[in-house]
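Below: a set of structures, written as structure tokens.
After this come two complexes, each holding chain A, first together with chain B and then together with chain C.
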Partner chain A sequence: MKWITARRRHPLAGYVVVILALALFGVGYAGLAPTADQAQAQTLAADAPSPEDVDVAEGKTVFDQTCATCHGLDGSGSKVGPDLRDVGPAAIDFQVSTGRMPSMNPDAQMPRKPMVMTEQELVNLIAYYNESIRSGTNGADVPYDVPGGAPGYDDFKPLRSDFAEGEAGSEEYEAALEEAEAEYRTALEEYQDEYDEYIAGADNTDMGMRLYLTNCAHCHGWSGGGGALTDGRWAPEIHESTPREIYEAMVSGPGAMPMFSDGVIDPEEKQELISYVKTLQAEPNAGGIFDLDRVGQVAEGLIGWVVGLALIVACAIWITAKQRAHD
Partner chain B sequence: MSKTTQAPKALRGVGNFIDDRFHVAKMGEKNLRKVFPNHWSFMLGEIALYSFIILLVTGVFLTLWFKPSMMEVVYDGPYERLNGVVMSEAYASTLHIDFAVRGGFLVRQIHHWAALIFVAALVVHMLRVFFTGAFRKPREINWLIGVSIFVLAMLEGLFGYSLPDDLPSGMGVRILQGVMLALPLVGTYISMFLFGGEFPGEDIITRLYMLHVLAIPALLLGLIVAHFMILWHQKHTQYPGPGRTDKTVVGTPMFPGFAVKAGGFFFFTFAVIAGLSAFVQVNPIHLFGPFTPTSITSGLQPDWYMGFMEGSLRIFPNTLDFQIFGYAVPIGVLVPGLIVPGIIFGGLGAWPFIEQWITGDKRAHNVADRPRNAPVRTGVGVAGITFYGVLWLAGSNDILSETFSINLYLTTYIFRVLAIVGPILAFIITKRICLGLQRRDRETLEHGYESGIIRQLPSGEFIEVHKRNSHETIEVLASKPTITSTALTEEQVDDKGVENPEGRKPKGRLRRALAEWYTKDNVSVEGVRPHSGHHLHHSDEALKEHTSSH
Partner chain C sequence: MTENNIDNTGDDTPKRVVGTPAAEEPVVSVEAEQARDDHNGPYPASETHFNSEEVQRRGEKVASAWFIIAFLGGIGFLVSYFLFTPGQIADPQYGQYSNMLLGGTLTLAMFGIGAGMTVWARKVMPHYEVSSPYDELPSNDEEKGSFSAFFMQGADESGFTKRPLMRRTLILAMVPLGLAPIVLLRDTGPLPGDKLKNTPWEDGRRMYVEGTHRYVRAEDLENDPYGMISALPAVDDDHYPHGISLNDAAKSVILLIKMPEEDWQPSMNDEIEVDGETGTRLNWTHNGIIAYSKICTHVGCPAALYERTTHRILCPCHQSTFDASDAAKVVFGPAHRPLPQLPIGVDDEGYLIAKGDFTEPPGPTFWDYAKD
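Right after this comes the complex of A and B.
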């Protein structure tokens, strides 16, 4: 206490208190605030799900409960939701797996969010859509050969409630847990191999770069950081997007985005493009540990002024300071 | 003990040899003893000078490997991600500097950060000179040199930014060409001449290179030397204080005091720039990729000092464009691209002369003004900063829109309104603050300063004890000049009753109106004796008298 008492009238004491209070609130808020869990789609299957794995009736339940309010029971749309019959399953997969659907507010652009349903429910929904809603083969199919999201551990983890109470149950549970962990690790490795293979499968950086910089960068930015659009809309950042989601976005043209069908940019070119942007995003920052979020010149200017120049001016103040005259 | 310490014999020998031939001792003595006033704000120009030196040294290093050629090559080098990509030699050689030259990446980043800080230091130095009235006679020429340095530094930066031929480079050059094309009649000719054909052509990098490493640096170096020599000759301004007048300077002698400080300051400047360059990635051209005319990206801007131009182009409406005889006159590019910078830099250059014309003040000033004591000038300066700042912010409106989730169009409308309303409000508010500070100064001079001690008088009244100002404070406060103008003091009617013909002309009337605007509302300290105010009765001695009289 003595230490504080001696210093509380120091000219800088007020600033120190304010800075400490700000830091306390800032850090405290960051600690308490609910964290938005990163969306983690759990697509694993590289192939289309086989018919025995899907439950169309279950898919109908999901559709009726989560989609029909806006899109109508037959998917023909309503005042608040568009007609789904011609959009194709790629659009359904994109909208649901990125958490944009079901939408909270049909009038606003939806941000990326964690998916509201399980992977299996989505598969069932798409199966139901294909069987009962889609008109013919309109719209693009889900590109199952393009890697989706990494598997999540939660899909493998056994539930404690499935095991008997007591010590014996606990032991069984532990064993199952270990097994699940091994399974999860294998699945993750498999996924990683698949992902790497897809990215490495593209070998024409020039083509990927030109396609990306000509068609995508003017909205999503040179590194996929997103950008502002007209009328209050924005092009989302695509760092978290899986290759499959990027592919689906191109073939379905969600929101203000134009559609780049396989006729315009063929699948190999799409692979080059996706590989270009994903490789760029994974690129380490050769210029230093602070990359300023790759915002570019605006951030650099800010740092130049508030860090660079400010430090040098502080030094000027320091070397020209004279002893304070106490009167 | 001897009174004077003598230099070692060897040194004396060399010294005498040189002195016998060049007579430097006398000159050296005079210049080494030259006195520099001490204030942190007098060091701002030095930051610019030191950054410029760093730019020259690192720039020479970079030219050893940079190839200013637009020849197309297929990249095959240590940066594997771009292997097989078609690019210009300029871009490929920049990648070479980054990834194959030892220390090349660091030096390129030092060059870039030093450029950002160079222009920033120029700006704050210029603002210091403006707000303290240090541009007044006899320093108008040096002010004009300074403004020229500022303009050249911006161009130098823009051209340097364009050299690596990466994505933002090309976009910047494209905007430059767009502004050129907007010029009526000559636009297309100028563009074709500079680019040696259609955009982008094959010459532009080579030409910008010549401008960036030869023409503009030579001009800059010449102007900086002239700036410094004039400063040396005219001596530095100083702030008011004891013993400081238009004829005498108070400060540290050049040697050893000031030289040591300045030398240390160079190393500190270099340390900050090198530190930033080591840890903060700047302009990562290897990530942007090479420029092709079809490529375009959102979210990339010019470097900060071109931001106000970008903003001016972004917010100016295009509804005023028209055609004449089938030729387009794009007002929406012409005004923001040429007229707005013309107003900013023209206004800067003209201000010393405008102010002199308004006040008719032809005296030489070596004591700087405190900004509050010239409220109209300070107000105009802050209005200028506001205008520039709004345009600057508008230049990053897409980043602001995305970062703070504001509608992009809304930001444009906000900035349009702010560009007009902001400077006016800034002027009014700043002037009020200045006048408020002047009143407080006058009060402090009259009554001393508030001690923070509250006393209760026997009558029950509470008073705050005021204390006497220090000698220095009185000196500073009492030195406040009264702002006058000859336009107001000149006789309007001569002794024969004839009106002054100058004053009747529109120019004369304008001058009188401006003089009125410039000089009114000032709080005068003339005739105010220090510590004469009634509050001083509340000082300790007065308190005793007070108590005894009851």
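Right after this comes the complex of A and C.
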């Protein structure tokens, strides 16, 4: 206290207070503001599941336990959760695979998170949805021919508890582990080939760019960094999104996003668009630690100019400040 | 070193410290000590200001710390220059690190020197006012007179006053040049006429999904109860890479929005009169599809942040917000008129067509339009 009392009439005291107040607001806001979770959902790049792979009864259990609280047992919605009967399986796949559903807080916009369910649970859930909840063929189907996320090693890893105790069990486990690793590597390579083929299959990136810039960039930003909407909502950044998630978002229109069905932007055009987005994201970010989410050159220039000029002015004030005779 | 620098009287043979004056040269601070009592600045002698030895010593330490930081920054600059091979810098990721390091260390070096010198000036150097008065500025009459006599003599000798023909033709030659800038103003014209009010949209004109050359059909939006798409008039002018000039595209781009019937606001059924015909806003939609100009009526940014849940169209530049379910009326922001609506319908083959031009001029409000 004494220390402050002695210095509060110092000529720089005013500046210090202002800077401290600004820093407090900035840090406080950053602490309170919702942050998008950057974790990538590890969904398997699966082909359309065949009937013998799915367990509809298991899907019903998943639905009743995780979804029915808000969306109702028959999926017709409630005060806190919307009607699911017309949204289509693409919407279910998008919301669950990006970790947005199940939601912990129905009043808040959900950020991207790691997926809560396993891939098999999601497949079962979608099968149950198609059989018992979906009205007719309303809504869009899951685009299984578009590559999803890279396979995760955890889906292949054997559990130690599945093997016998003791040395013999350990050896078996080691063998299974090696096999799993090989399987995982094969699956990863397959996925990579599928992904590369899909991205390379687009041959008119100019069209993809024009479609992205005229229909998506307003909200998601020209570099895909996202942006603000009204009433505190925001358009999420799309850097982490897999091609399938982008496709599903377009056909299902999650949240406030309008829909872009295959009629409006046909599948080939969507492939061009997605290829453009993924190509854009492969560009290295040259912004270093001050990348500003790549908001764009004009805004970056303005910020650089204002901040730089402020620092230079502060230096000039310091250099030329008149020194008082007695202090 | 600090002790040596300040007080080296204890030693019989004082060592010369690097960067300080030789012993026989007068030391500035001693001179200044004497100046304290008899200097003639605007402030009284008592206002001149010497820092105490303690402050000076602290200032010296701070300044030296800055100079050491600057030295390390300079060394860091050299290190960061040689840290990356030219081959590595070609990779943007490494080039970025290289740039950050080079710029950061150079900043540190230069800022450190500047900061150290500022501390030096403020804490170590004595402060007093010095003034050196100027002489009277105006020339005296004698000088002025001799200059004008010299000038007139030169004018006479050059023949400028004695040769009227030459003088007048020279002035004549300059007249057109004086007028030239006024003539060039013509290039700001011609007046736009009604070009600002018309666009390539006309009755029966089909539309392309912007970015493609595919006509939009009404049934393309069948599966989007809450769809949206950006569209352009289907013009195929070979002069332009995309079939339409950028000027025309900028004026005529539209947002096709589809929404369920029950979401329309009651005002959509109000009778309005355009070009002598009466109709309602809903008459100009087709099957739940409505077309608005995408150009914000404020300063002309593309306003296309469309929220399907609230039917708001938001302009990213100044947050003007329009309600798509209520004739694009302004609900927030600096825009002061709704987005113009394009009347649409379908032709025999099911393609969406315009049923005329916009009901109002699209784009930002201009001088002889909507003066209110």
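Following the convention adopted for this analysis, the second predicted complex is superposed on the first by the 239 of 327 C-alpha atoms of A that agree within 3 Å, B and C clash if a C-alpha of one lies under 4 Å from a C-alpha of the other, contacts with A are read in each partner's own complex, and residues count from 1 in each chain.
Just so it is clear, a residue touches a chain if its C-beta (ideal position, glycine included) is under 8 Å from a C-beta of that chain, and two chains touch if they have at least 3 such contacts.
This is a predicted model, so every value here is computed, not measured.
Of the two partner chains, both chain B and chain C are touched by A:Thr214. Once the two complexes are overlaid on the shared chain, A:Cys315 sits against chain B and chain C alike. Once the two complexes are laid over each other on the shared chain, residue contacts for A:Glu179 go to neither chain B nor chain C.
By the touch criterion defined above, A:Ala140 lies against chain C but remains apart from chain B after alignment on the C-alpha atoms of chain A.
Once the two complexes are laid over each other on the shared chain, residue contacts for A:Thr205 go to chain B alone; chain C is not touched. With both structures placed on the common chain, the touch criterion links A:Gly225 to chain B but leaves chain C unconnected. Residue contacts after overlaying the shared chain place A:Gly263 against chain C, while chain B stays out of touching range.
Within the superposed three-chain model, A:Asp193 lies out of touch with both chain B and chain C [touch as defined at top].
Within the superposed three-chain arrangement, the count of touched residues of chain A is higher for B, of the candidates chain B and chain C.
Once the two complexes are overlaid on the shared chain, A:Asp64 sits clear of chain B and of chain C alike. In the three-chain superposition model, chain A touches both chain B and chain C at residues 209-210, 213-214, 218-219, 227, 229-231, 235, 285-289, 315, 319, 325. Per the touch definition, chain A reaches chain C in the complex via residues 86, 140, 207, 209-211, 213-215, 218-219, 227, 229-231, 233, 235, 251, 253, 255-266, 269, 284-289, 315, 318-319, 323, 325. The part of chain A that touches chain B in the complex is made up of residues 203-206, 209-210, 213-214, 217-223, 225-232, 234-235, 279-280, 283, 285-292, 294-298, 300-305, 307-309, 311-313, 315-317, 319-322, 325, 327. Per the touch definition, chain C reaches chain A in the complex via residues 47, 49, 91-93, 95-97, 99-100, 114, 118, 122, 127, 209-212, 214, 216-217, 219-230, 253, 257, 302, 304-310, 312, 314, 316, 321.
Residues 38-44, 46-47, 81-86, 98-99, 105, 109, 113, 116-117, 120-121, 124, 167-168, 261, 264-265, 268-269, 272-273, 276-284, 286-289, 292, 294-304, 307, 396-399, 401-402, 405, 407-410, 467, 470, 472 of chain B touch chain A in their complex.
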